[in-house]
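All chains are identified by letter, namely A, B, C and D, in their written order; residue positions are counted from 1 within each chain.
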Amino acid sequence: MTTTTSPLRIALIGTGFMGRMHTHAWRTAPRFFDLPLTPEPTLLVGHRPDATAEAAARWEWPEHTVDWREAVERDDIDVIDICTPGQTHAEIALAALAAGKHVLCEKPLANSVAEAEEMTDAASRAGSVAMCGFSYRRTPALTLARELIAAGRVGEIRHVRAQYLQDWLSDPDAPHTWRLDRDRAGSGALGDIGAHSIDTAQWLTGQDITGVSATLRTFVTSRPRRGEVEGLGGVAADTSDRLPVTVDDAAAFTAHFDGGALGVFEATRLATGRRNANRIEINGDRGAIAFDFERMNELEVYDAAADVAQGFRRVQVTEAQHPYAGAWWPVGHGLGYEHLFTHQAVDFVRAVAGEIPVSPTFADATQVQRVLAAVEQSAAHDSILTTVATAAAPEHPLEGNPS
Amino acid sequence: MTTTTSPLRIALIGTGFMGRMHTHAWRTAPRFFDLPLTPEPTLLVGHRPDATAEAAARWEWPEHTVDWREAVERDDIDVIDICTPGQTHAEIALAALAAGKHVLCEKPLANSVAEAEEMTDAASRAGSVAMCGFSYRRTPALTLARELIAAGRVGEIRHVRAQYLQDWLSDPDAPHTWRLDRDRAGSGALGDIGAHSIDTAQWLTGQDITGVSATLRTFVTSRPRRGEVEGLGGVAADTSDRLPVTVDDAAAFTAHFDGGALGVFEATRLATGRRNANRIEINGDRGAIAFDFERMNELEVYDAAADVAQGFRRVQVTEAQHPYAGAWWPVGHGLGYEHLFTHQAVDFVRAVAGEIPVSPTFADATQVQRVLAAVEQSAAHDSILTTVATAAAPEHPLEGNPS
Amino acid sequence: MTTTTSPLRIALIGTGFMGRMHTHAWRTAPRFFDLPLTPEPTLLVGHRPDATAEAAARWEWPEHTVDWREAVERDDIDVIDICTPGQTHAEIALAALAAGKHVLCEKPLANSVAEAEEMTDAASRAGSVAMCGFSYRRTPALTLARELIAAGRVGEIRHVRAQYLQDWLSDPDAPHTWRLDRDRAGSGALGDIGAHSIDTAQWLTGQDITGVSATLRTFVTSRPRRGEVEGLGGVAADTSDRLPVTVDDAAAFTAHFDGGALGVFEATRLATGRRNANRIEINGDRGAIAFDFERMNELEVYDAAADVAQGFRRVQVTEAQHPYAGAWWPVGHGLGYEHLFTHQAVDFVRAVAGEIPVSPTFADATQVQRVLAAVEQSAAHDSILTTVATAAAPEHPLEGNPS
Amino acid sequence: MTTTTSPLRIALIGTGFMGRMHTHAWRTAPRFFDLPLTPEPTLLVGHRPDATAEAAARWEWPEHTVDWREAVERDDIDVIDICTPGQTHAEIALAALAAGKHVLCEKPLANSVAEAEEMTDAASRAGSVAMCGFSYRRTPALTLARELIAAGRVGEIRHVRAQYLQDWLSDPDAPHTWRLDRDRAGSGALGDIGAHSIDTAQWLTGQDITGVSATLRTFVTSRPRRGEVEGLGGVAADTSDRLPVTVDDAAAFTAHFDGGALGVFEATRLATGRRNANRIEINGDRGAIAFDFERMNELEVYDAAADVAQGFRRVQVTEAQHPYAGAWWPVGHGLGYEHLFTHQAVDFVRAVAGEIPVSPTFADATQVQRVLAAVEQSAAHDSILTTVATAAAPEHPLEGNPS
């Protein structure tokens, strides 16, 4: 009987967008899935007392505080769910693991490889579950893709083609935000959305990226300060008062995988017309899969077997036999973005109960961060670029890498 | 009256696939377009006498020969149309230009930048028309894309995303062909199909590529010798008798354009499931265009202007107001691959008559070749690649570009 | 402050799929929308005591009962939410309205036009809100479509093309269910899914259907009894033990709208390959819209204004400016099926508070039922069909409607 | 050797759009296909001497005349290719068949069922080939569809869903043409484009339509007289000078097939945004196919066999193994509209040589005409329509079919 399972008491740290999403996920999961433990939202931790109280009331958390250490120290808390900005992750997670708590930590795992590795070490020593929130792994279509690849239906992988295209910054007068400030955000499109592509690619293929050749680009180098209009807050008040953009608008890199695949990655927030095209295509010698999050309920699958009628199949990943989908609606009735988080909550609970392995582990997330670091490092050597000869110097047309 | 225009007498060199295509184009063009001169197929030049005679009979060429110099030397020939393998282009084109002939030369213009530059110099000195056969420029949808970009509807260009994906080599036992032998083909996917992407990208944007960072990859390093079965010819007879593949199967590179755009290019013949996906997407601050040759009659167009209903429009480029389309069928009745060559013939004739500028010039084609050379050069420096740190050496996670 | 709004106390009748969906909606709505009243799930009404208790526990309803009259009679209940089978709707709704309750009633409103009209009369006399659950009206893309049509962007409507295609019954050995029994289900594909198309079409166009010409078809006239395997329940145990199918598998009809539009409707559960293709396209003299629920986050919009680049736009209806979407995720992050119910809960609450009109009213739902009745009636006169002459009787090829 | 095959001497009657298309087809066919006979354009027959002479010169017909009887009477003519308006077909075809000529006759076969049946009788008595030009049968994707259906991959057919949607008349001020005059055109959207849907549906399924229930509609009842501006000709000069539209703008009908399938057909020239959407979908118990001529090189194919990854496959019908496609370009390089006519020429020549059966026969075309007649007849009985009850008469809501 569902209602008699033991509780799993959650403390959630963070009252922003992700805090609300996680709250919704913890509450929704047990209504649609049979879980071995019942997640019980217990303590909400915020930053400012008023906002924290308001969030707790609205989201129905019975207790709240502004001191995250209280959550770590209380014996009646089982899980620390970290939804705070990246620079705070390491400290909280390390304390939580040391206190024996299970930890769910939003991506990026940390703001540096060193921190991430320290967290991974701590997780490997701890007896509790430590999971990082690369939520796209819980898209049913991508989970199905992984199963198909693992079953050999794509064969030996040659190509990984991953694009994460957004356009909310394509207007040069879109206002400045903290995401455009390197000190606060750490990275731009690369870390924000490119990180998802990297994790997805490595997870789907079961291959790690071993080398990259990268370019980062900032097309719009300053943006108007966001208007601080009383009671409104949000629109740009004065386009002549501009703040510098200190992160990348776009990242592009080729990548080598340890299993032999060749990767081509692109992440941008200036791809006009593309709202959230988190795409990946993988081609092997036996087949291929293709995905675009703008149509998250579909997976395109190609089978190279001989047949007079071959072509990419548009699979609606909404059947009872598909990952996660059986818990939801009749076939053809799609899921939305938040289901990724509900599925994440489900898998977290099941991992705590020992039913399934943890995925992604802190080690997985650290590998993503190593790739991000290599991309940044590669992009810093722009002299590596091979220049195209010009007609002005026709005498040595084939020479001339000036680096 | 169409039938009273002066003749433009053609000598075509080459009896292979492209020879047939050009023949069809020269004959079809005046039946559907009003031309200032009437192309008159006059002399077909082949390699072997028998095959040449047979082709001439089938394609209805009144005269034929196996000596291309005869075509160049005859006074009653106006145009030399070169459809031979790349290594012969320079010699023929230089002779033809010296003799005052108009020249249409298939791509690649030559097999080296040096040859290409010599041909460009000759063309610039000649009073005749010299055009290179990058036929995709004659796709109505791409011509429309160029007009929209030129009219400012895409705005300042940030992204160029070009993929040319085929899969006819994805089976490791697909038989060897001359295209996989560096000595004969010069290059693999890069030169064969990547060259089209490069030309299209530079032509659409009006920007030249100035630098690249590239990777080339050969996934299948040997392939079975094609069976020489009497009367059949074509299927692989013995998969244990394998020949080495000495060109790239796939190419990937990032590129910088002189106008500030960032390019990501990929060309492969192992993208399982993609038959001929010659794709390009361009994003600017005012809009975007996207194209895939697998749906050659469509152009996707995005307008970033404020509206409650914005999104990529699927434009069927078959209206009377669209480039070339008015000469053909009612709206919605599409064109096929060979129309590119008919349009090329039309534009060549009009350029000869001085009605429109030559496009692409030999100089345009030489710029493509320079980019190809830079890609090959960049790919040869694989040490440039930045390695991803490994967990085995966590003490220096951010170091380690070994180059 | 959200948490200080007055409560709106709900009694929900029904513990099946729809009961769970409505529960989820009542709980989710106030977490994402600022509502004038706070819905408060108060009393769950079921049929069997055990199942009702279990559902109440799992879905966190504080009280439960198996007597729906208790809900109607209690003073501390504001809303009766009816999620029971169709034949019970009229009795419950009439009692609830008489008791002054607000009523949300699942579709179909009733199992006969007479009952529906009685309910409509009662609703028009009552001072409370009475709404029918045609939830597709709450699809953001369809709501946007209606706004565009109302704003004149489609112009004078000529065509309505509505298809509701499913395939869960295409296998002739798919097991029998109560939905295939006329006594229990009332109707087959027509009433189950065709009713949605009718409501959507009338609502989008603002036009009522005044006449129909219809065909109903049962392709598979018997189906295996569903296996009652202990502990499993669901798969067909014995395909030789078959029960008759007494409802339609498919319905097709043409329709005249009072505003002059011509409709073509089709509903089927045997359209192999179509999971839940609830499609509608509307063409007017100024533009068109097209929708398919299999891609519920997209609306295709065509503008007939002169432009060199016209075509259907794929609008992702996920922008802050779009109906309902602003309350949810960043642009491009789609919604799923259950959001229709959350939006329905939101609109119900707002209608109770007098902020927006009720939609759909019981009168709207009754008009749907009248169309369904006309379809059944028309289909019963199959002799109306005009026969195609045969070669066997060529002497009178144009005569011969035998009706 | 191709060039040594016997000639097949053609006389083509008609110098309009279709005349040009057929000319192009006769010339192109032998250049790309190995044919048992070589079509030889011999005599062009027109209406006005000047226009005929000009067409003959431009299209390179060696002889021309304005007397079609000359073509029928000459011994050195093998084929009469009829591209004239429908009302002339019967007389010419009967004379040609009587003279022992092979006949290719454009659709519609005739303007009445009686004429069509007379032609069919004549064809059945003649020893020569008589074929009707329903050219869509030669679309490679549709030919493949037929082969898949014949091979059982769709199984028992339940649904036929055919739409032919165009929009060139959606503007109420689009000028009048002869196609809108019943005396000249015979029919509107129904006969012009709906006829194609009917032929395609019957041919694909191998089932004849036996009964229909139809509606015809004229939305725009008058249109401006086309301006006869000197030297331009074509645009509407004066929108106040309007001519009546005496044919249907749109047709909609349900149909019963003799094999049990249920058809839903719609043809319109006012479907704003749809340029030439000649669509058909067929659902059976084992699979489905779907086609849209706007993407004529693609066929969507669904296989209902159990698999975790099922969905419609987008098959690019451009492979060497596909119908007709092997004669053309490499895979993925599409064909256009005129290839239908080239394939028709190929099949006609092969039928003359006895290699393949004639398709479509005059009998097939006559069956189409019988369906068209039944549709017109059904639509004339609009009283058959079942009216939807109104709220004004709630006492008898279920009555009222006036038939």
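Assume contacts are C-beta pairs under 8 Å (C-beta built on N, C-alpha and C of every residue); 3 or more make two chains touch, one makes a residue touch a chain.
Because the structure is a prediction, the values reported are computed rather than measured.
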item: Any chain that touches subunit D and subunit C; value: A, B
item: Label of the chain whose CA centroid is most distant from the centroid of subunit C; value: B
item: B-D compared against A-B, more contacting pairs; value: A-B
item: Between subunit A and subunit D, centroid-to-centroid distance (C-alpha), Å; value: 53
item: Mean-CA-position distance for subunit D and subunit B (Å); value: 36
item: Whole-Å separation of chain centres (CA-atom averages), subunit A against subunit B; value: 39
item: Residues of subunit C touching at least two other chains; value: 274, 310-312, 316
item: List of subunit B residues in touch with subunit D within their complex; value: 1-3, 20, 23-24, 27-28, 30-32, 54, 57-59, 166, 168, 274-277, 293-297, 316, 318-319, 328-339
item: In the complex with subunit D, residue positions of subunit C that touch it; value: 113-114, 117, 154, 158-159, 161, 163, 167, 170-172, 208-215, 217, 219, 249-250, 252-254, 256, 260, 262, 264, 266, 268, 270-274, 281, 283-288, 290, 302, 304, 310-312, 363, 366-367, 370-371, 373-375, 377-378, 381, 384-391, 394, 397-398, 401, 403
item: Subunit B residues touching subunit C - in the complex, by the definition given at the top; value: 144, 147-148, 153, 298-299, 301, 308-316, 321-322
